[in-house]
Amino acid sequence: MDVLLAFTRPSLDWHALAPELTLLAVGTLITLVDIIWDDRSKRAMPTLAGMGLLATLIPILTLAVDGTERSMFGGAYVVDDFSLVLKALFLISGYVVVLMSVDYIRDGDYYENEYYTLMLTSLLGMVMMSSSRDLISVFVALELLSIPAYMLAAWRKGGSRSNEAGLKYYLMGVFASAVMLYGMSLVYGLTGSTNFDTIAQELGSGPSNSIAILGILFVLIGFAFKVSAVPFHTWAPDTYEGAPTPVTAFLAVASKAAGMVALIQLVFVAFLGRDDVVQPFFWLISALTMTVGNLIALRQTNIVRLLAYSGIAQGGFMLVPFAVAADAPARAIEAVVIYLAIYAFMNLGAFTVVLAVARKTRSGEIDSYAGLFQYAPGLAVAMTIFLAALAGIPPAGGWFAKFGLFRALLDAGGGWAAALGVIVAVNTVIAFAYYARVLMQMWFQPAAEGDEQPIVVTGAIGAALTVTLLATMAFGVLPGLVGHFGEVSVLSALGG
Amino acid sequence: MLLNQFLILGALLFSVGVYGVLARRNGVMVLMSIELMLNAVNINLVVFGVQHGVVSGQVFALFVIAVAAAEVGVGLAIVLLLYRNRTSIDVEDFDLMRG
Amino acid sequence: MVAQNIFFGIIAAIVIVSALRMVTTRNIVHAALYLVAVLGGLGALYILLTAEFVATTQVLVYIGAVMVLFLFGIMLTKAPLGNVMEMTGAQWPIAAVVSVLLGGVTICSLMDHFGSDRLVTDGPIFRTADVSDEVFSTYIIPFEAISVLLLAALIGAIVLARKD
Amino acid sequence: MWMLENAFLIPLVPAISFVVILFFGKRFIGANRVHIVGITALGLVWVLSAVAAFQWTQRVENPSPDAIVEMATHGGDHGDDHDADHGDDHDADLAVVSTDHSGGEHGGGHSSPLIGPVISTFSQWWSNGGIEFAVGTLVDGLTVLLLIVVASISLLVHIYSTEYVKDDRRYVHYYAFLSLFTAAMLFFVMAQNIVQLIVGWELVGVCSFVLIGHWWEEKPNTDAALKAFLTNRVGDIGLLVGMIVLWGTFQTFDIDAINTLISADPGAHHLALLVAACCLMAAVASKSGQFPLHTWLPDAMAGPTPVSALIHAATMVVAGVYMIARLYPVFYEGLSIGTSSINLMAFIGGFTALIGAGLAFAQWDIKKVLAYSTVSQLGYMVMALGVGAWTAAIFHLFTHAFFKACLFLGAGSVSHAAHHTFDMRKMGGLKKAMPHTYRTFVIASLALAGIFPFAGFWSKDEILLGSLVGQKNSYPLMLIFGCAVAFMTAAYMTRVIWYTFHGEFRGHGQPHESPKMMTVPLWILAGMAVLGGVFNLPGPVLEPFGLEGLAHRIQTYAEPSVYLSGLGISHPDPSLNMALVGLALAVSGILVTYLYYWRRIGLHGLTERNSYAKNGYTFLENKYYLDHLYNDVIVKTVKRPIANWANRVNQNVLDRAVDKAGETARDTGRWIYKWVDQGVIDGSVNAAARGADSSGEGLRVIQSGKVQNYGQLLFGSAAVLAIVFVIVV
Amino acid sequence: MEATGFDTWVLSLAVFLPLVGALVMMVIPKAYEAEMKLVALGSSLAALAVGVYLAFQFDYGAAGNLQFVVDKGWIDVINSRYIVGLDGLSLPLLLLSLVVVPLCLIYSWNHVPEPGNTKAFFILLLILSTGMNGTFVSQDMILFFVFFEVVLLPMYFLIGVWGGEERRYASLKFFLYTLFGSALMIISFLALFFLSKDSSGELLHTFDMRVLSDVAGVGIVKSTQVWIFAGLFMGFGIKVPMFPFHTWLPDAHTQAPTVGSVILAAVLLKLGTYGFVRIAIPFLPEGAIAWAPWIGLLAVIGIIYGALACLAQTDMKRLIAFSSVAHMGFVMLGISTLTDFGINAAVFGMIAHGLITGMLFFVAGSVKERFHTLEISRLGGLLKSVPRMGWILGFASMASLGLPGLAGFWGEFPAILSAYNPGAGLPEETFRTYMVIAALGTVLAAGYLLWLYQRTAFGEPPEEFADYEIDDVNRFEWIAWTPFLVGILLFGIWPNLIFNVTDDVVTGITASVEAIATGR
């Protein structure tokens, strides 16, 4: 059987794969522990998951210290600074989500062990995503991170809203996957390869053709769904509202970040030559996303829905640099990565506060925040900082993220970029209008029915708050911290 | 044989799938229609693999099939869950959250 | 060549008609059966395209596993087996327009770009072993990931679907 | 010459007095003894001013070499007194101009050396754009003249007030602000640059505001104060703009430099000077009560009478006249006083003199008669300046200050006796009860009327003479105005004396003479009303006595020949005929009125019988506001021929011009605020917010909650995007 | 001039001391209120002491140069550095800001407005202080931007929590307006970053304001400069506020608590005008020249318009707020002339307006506290019921209407004066017209202020307050107000205290503008 003999064992760089393997091991461990000890293991589960996530950071650190760029399978799977930065980001966000989950999942009627298993699986998908430079890898990573997420959204089994959230997320996700896959098939058809580098060469060299346009468009739409860009955002508010709050935070931050990462790799590696499609597409989508997200957010009364729309709008901001992807690629990547990093912390922080407050008020209505400053000044100040960060007001971290956008736009220059800049500016203003509604409730209103019982902040939530708060403020005051990561991400992603 | 024979078949199948997911009210029917779309993709992948003389098309198609299987499983689980809570699988009923 | 074309024509017709019937029929069990026809037809087409392993998988996974799942789903949800329930929503015209638009632009683009390109029929023929070589070398990581994915889906689906 | 160089001490004294009285008066000195501080300070000021005046005469009599200015190089020569920067700057400016100026005719008739002013600059006041501006003093004859006037009258008013405002609610504030006013006025008259002029100008204005509104519990008083201040502010637009034009033209604030530059090259910058002069005329009109901005002055009588005497008769209101005199080259060149037979200033002055006198007839309030009289006399001075009779104007300023102050204080004394009323209908027959007041009042009235040999006679005569002769042309219209006013002045003063002191007492209570503290100042002022003329007697009068050396003292000492000589101003020779005509007019004015009131001769009841006369009287009596005059006269006489809409225009445009301006501004403000600000501008902002809000609401329709709608959107957008991109790209 | 030794961080000390105070306060439990107040006052006074030290150490002979410069790495990735420095333009404004905050603390000592919470109130004031101080000393655009924005939230909460009836609306409006402006401003900053070239045509890629000021927009074509300037104009113009972006101001002022209004008027508005002088004009001379006539136009419209709006007001505080629009119009007119005269006047005007309007707001606040209303028609006879306060109101009104001898005059008069001879390249006739209109504005200013004074201070106190026990100016108020009053008088009598300091910097700025305008 000469065919068999022809098979050469692929050379695997185990160091490069160490983070994925560690994560996999932890996931497996949790499953095993669950099987063996069953309910008695519940207490240890979050700790295990959290420690596992932190442990996964170790190989990432060693790889970062090592510093060499590792590429496998002809560039299909790459471990470079860009991927390391984002892997770390996913893991840390995951860790914060685990912290948020501890009490929430324990107190609710949830399947606890499986919850963490699925979350780790999803994180594994994200971690893989940031290294994937191949259509198949991207596709599989996407599904790996999405499918557990669909189920997590429906995790509150007894709750109709949660079920519905899961269904909507699932269906929309699958629709988008289908479109994306169709697009991938067309791209594959034109180039004959699944490898991004090859695709870039093939697509970039040929004359413009409708199939290429269609293929690129459909692929991008698939991920636009993932980052909940308008008009593919519709699932997000409903799912966010219905899903368990830590899952919502996970979706709003980690899942969205994964989508962004995929977009970065597609746009800046595979489709960079096709700026005639990519740039207008993102110009349109980002403008729409920001504006629609912000406008609808103005009318929300539920805090989670508000944060959902806010998240959509934030996603729109993140898409802005893609509109100048080819004109200022380095700045654009930098801007997205920086935005992602800062967004992760500020948004997680906001959700943590929501979680903490909901433990007392049992309500998601914005009105229930009335008088928070009176009876829980710490939480109110924390929320204020997070919202200020989201609105982009120094010295809270968000300003630097917005700054990055403007920087990318102006580096690219030109009327379209400037116009988009103005749209961003206007949207910044609209955005504050609804953040301010929360602020007003917290600060300006007396507590409903004079109920001024303080809120008990559990250890885990406190830890989550501390992490996010410190990071948010640190990024605002010393943006160099996060800026550095943005900078190193650029070099390798562009193959430099 | 023309390349387009297959591709257009795929495109038609995809469109029919789109119609199915958008028009059918029964949750299980929606899931079935999804399969149409995914299969349309598979046709494309296989045909293009042949056209370019590479094997990756088939491999891609296999991955799609595998993922599709997982998706169907998950999808059905969710539909069942809903059915249990709401005794309905009519997707038009599920609009508790809106706005 | 002609034979292949005829064969293609027949199968394509079966596929398309079954697909259309599937999305229009009022009987859900019929719909499932039409889906089987579509999937089977496609399996045949894969053979026509010399993709034997894909064809096999198609039959095994789709017709063997997925369809069974669907039938279970139909039964578990106690869907009315006759024409009792309105299967198609009131907004089907919108759905139709959308699908026509989408199909139209795709087909037009395909016609525009590929025109009358002929299918390469003298290319290499890949056997199952070639496929496996590819999977276990270049695509080893996605392959492993798929296994994790299936496991996770399994666990999750069980949790969700089980009665508490 | 020490005093001249350190003249800044003079305003400093009352300024300190102000601070002391205001902040320490009540606590350390005692509320009813603060006048001691004020009077002491003013005494000191008077002494210092006298010293300054003396030193100035010395400077003129025995000029030291550095005091003499040669025309061609003037400007650099008195550089000793400048600090280095200033001098350099100045030289540079002048150098440009003086090259153009080749031997222009100057010194028309001047044989005596030109005496430069004493300019002292002190610490750098402000710097801007690298240029430094100093604060300093400019002392010359004009300055010392004003110093004497201000110091004297202020001192007397201080003394007089100890009785007049005794036990007042705000005795301390009263004296504090008298001191502040004096300081500001003194600062103003010795201003070295135009910025200081502006500063002093405004400060006296605000003191006037405070003192008019001294009894601010009553709304009419505060209304009057506001009106005074705001009217002055209107004029200040002119002041600011005019001064800025001067600065822009000459690139310096230095009064000396500006005057020198103009007189060195009179022809240049005519347009700029015309604009500046016209603008400054607005300021003069507001401050010195010239038509049409005089309406505030009668209202200002709401203040305490001594204040009226000091501020609204003798000093502050002459600030405008002073400014013209100070910047005379600007006006002379700007308005072409030398060459035309009529100009803006002369006309405004003459016209003001006429209508002021006319209005004075119709008043029943004694202070208002005097106020209109002041308006009229100020018009006289402005007219004099407008016809080129600089010295005459200043002479009149000098004499008028004393006799008008005397009249006001006399009126105050009367009201003191007559239960604080100023209504002449409630007086009468006070001659017996108040002999001192009566005598001084009559003396001052004669001086005002211009009866030989009282002070007014001499100064008025010079003005008439100036109009008759003019510079290169005569000013016939001004002469007519002047003569008419001379007649009217005599007449209305006689009327006042009749109503106040003669006949039967019409008030209630027992009138009594005022205490010494009031009568002594009256007598001093009356003395000046008699003797004031001697300071500028014409030569021919003194010749018979062998005292011709004492003739034209004011002309000799006060005239800034160093500025005026370059303009070629001439002084007319005295004319006996003119003097006789003027005297005859005054006497006839007195006579007619005398006959009318004392002898009941004349057209008694004319106003009842004759519709024209009635109209005339109505014209004068009730419409003492110009605005009412406009309103009723125009409306009543032209009512029939002109359609209703025209009336409305009249009413809205001309009616109550000053008040209406304020109301209109307020209405405009309201309208703009309501419609433009809250309506359009803020409205559009809020509309944008509402728009965002409602579009947010509209967009929520997308979020129907039905997953298939979402799917439609997803696939639909994909399709649309695909179509668009395929077609467009 | 790089600083050495103590001087390397003394400036930062002045900026951050209040923040340190705020952080310390945060950890003090609410129960220890007295200690908390002392910490707040102590830290702000310490900052002031540092400010005084700076004022004494400042080399006035070299006021045109930056002193106490610190240049340290900050955000290396975007080439932004922590650069702070003090020159003649910054010094007076920094001192103003340093003085105002402790006075506001003292004023609020026992009078934290409803709903109380001294801790939060004082912390916010201290954070505000850091933001303001930082803005005036930043020499890096990004640093400037950060400080510029830091003031927003504290002020938002001051208005929103401790404000009047309509506080939610007012605070939000204030915030959104400013945010919009600053978003456009940061775009312009970035455009400057990317487009600025040095004289040899090399791209600079720097946010260093010193460098950008030196290159003065060389290499940026005029049309681009105009656009960039437009962005800066929005950012700064809204803050000033210039007509027609002023509508946030009356609402914010009216609703803000007293010290909020005071700080808003005294310092916050100056951030905008400071930005024009420090950034917009020197960096983009050609843009400035192109925009100047329009700025001048808006300025004079603002003067007249603000004054007319004042005449329409029935609320004392709102009237004072609108007067700010008019006064800032004078400041902007001065700036728009692009002459050293005008800009010097503008800087003077900023200080003067800060002191005078701040004082007026203080009085308004105290009146409100005593009479519980600011309706002009309901007030009256203040001179009788609270004579000292009445006098102070009169004094401040006089200063506000530009009475010579008081500070207001030196902002107004030279500004009007400068319009007579605008800078090179500007239309003379246009500016002369502005000059006349601006002069007209002084009359209206006198009109509305005196009218206000007449109706509130003169006359007899209304019946309705007859039963009230009303105290005159109390101890805290005296302490808080005296420096304002002294400042108004002192700067009015001796304007060179400020002119002398600012002159060098301003001359430098206008010289470079003129060099551009006249083609070098």
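Note that the chains are named A, B, C, D and E in the order they appear, and that numbering of residues resets to 1 at the start of each chain.
Basically, a residue touches a chain if its C-beta (ideal position, glycine included) is under 8 Å from a C-beta of that chain, and two chains touch if they have at least 3 such contacts.
None of these values were measured; they are calculated from a predicted model.
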| item | value |
| --- | --- |
| Contact-graph separation of chain B and chain C, given in steps at minimum | 1 |
| Co-neighbours of chain E and chain D - touch as defined | A |
| Chains most often in contact, by C-beta pairs | B-C |
| Central chain (distance from its CA mean to the mean of all protein CA atoms) | E |
| Most remote chain, CA-based centroid, reference being chain D | C |
| Distance between the centres, which are taken as Cα means, of chain D and chain C, whole angstrom | 102 |
| Between chain A and chain B, centroid-to-centroid distance (C-alpha), Å | 26 |
| Cα-centroid distance, chain A relative to chain D, in whole angstrom | 77 |
| Centre-of-Cα separation between chain E and chain A, whole angstrom | 42 |
| Touching two or more other chains - residue numbers and ranges from chain C | 89, 91, 94-95, 98-99, 102, 105-106, 108-110, 114, 130, 138-139, 142, 146, 149, 153, 156-157, 160 |
| Set of chain D residues in contact with two or more other chains | 689, 700, 703, 705, 707-709, 711-712, 715, 718, 722, 726 |
| Of all residues in chain B, the ones touching two or more other chains | 7, 14, 17-18, 21-23, 27, 47, 51-53, 56-57, 59, 63, 67, 70-71, 74, 77-79, 81, 91-92, 94, 96-99 |
| In contact (per the touch rule at the top): chain pairs | A-B, A-C, A-D, A-E, B-C, B-D, C-D, D-E |
| Chain B to chain A touching residues, read off their complex | 7, 10, 14, 17, 21, 27, 30, 34, 37-38, 40-41, 44-45, 47-48, 51-54, 56-57, 59-60, 63-64, 67, 70-71, 74-75, 77-79, 81-82, 85-86, 91, 94, 96-99 |
| Residue ranges of chain C in contact with chain B within the complex | 1, 4-5, 8, 12, 15-16, 19-20, 22-23, 28, 31-32, 35, 38-39, 42, 45-46, 49-51, 53-54, 57-58, 61-62, 65-66, 69-70, 72-74, 76-79, 85-89, 91-92, 94-96, 98-100, 102-103, 106-107, 110-111, 114-121, 123-124, 126, 130-131, 134-135, 138-139, 142-143, 146, 149-150, 153-154, 156-158, 160-161, 163 |
| Residues of chain D defined as touching chain B within the complex | 700, 703-708, 711-712, 715 |
| Residue ranges of chain E in contact with chain A within the complex | 73-78, 115, 120, 142, 145-147, 149-150, 152-153, 156-157, 160-161, 167-168, 171-172, 175-176, 179-180, 183-184, 186-187, 190-191, 193-194, 227 |
| Residues of chain B defined as touching chain D within the complex | 18, 21-23, 91-92, 94-99 |
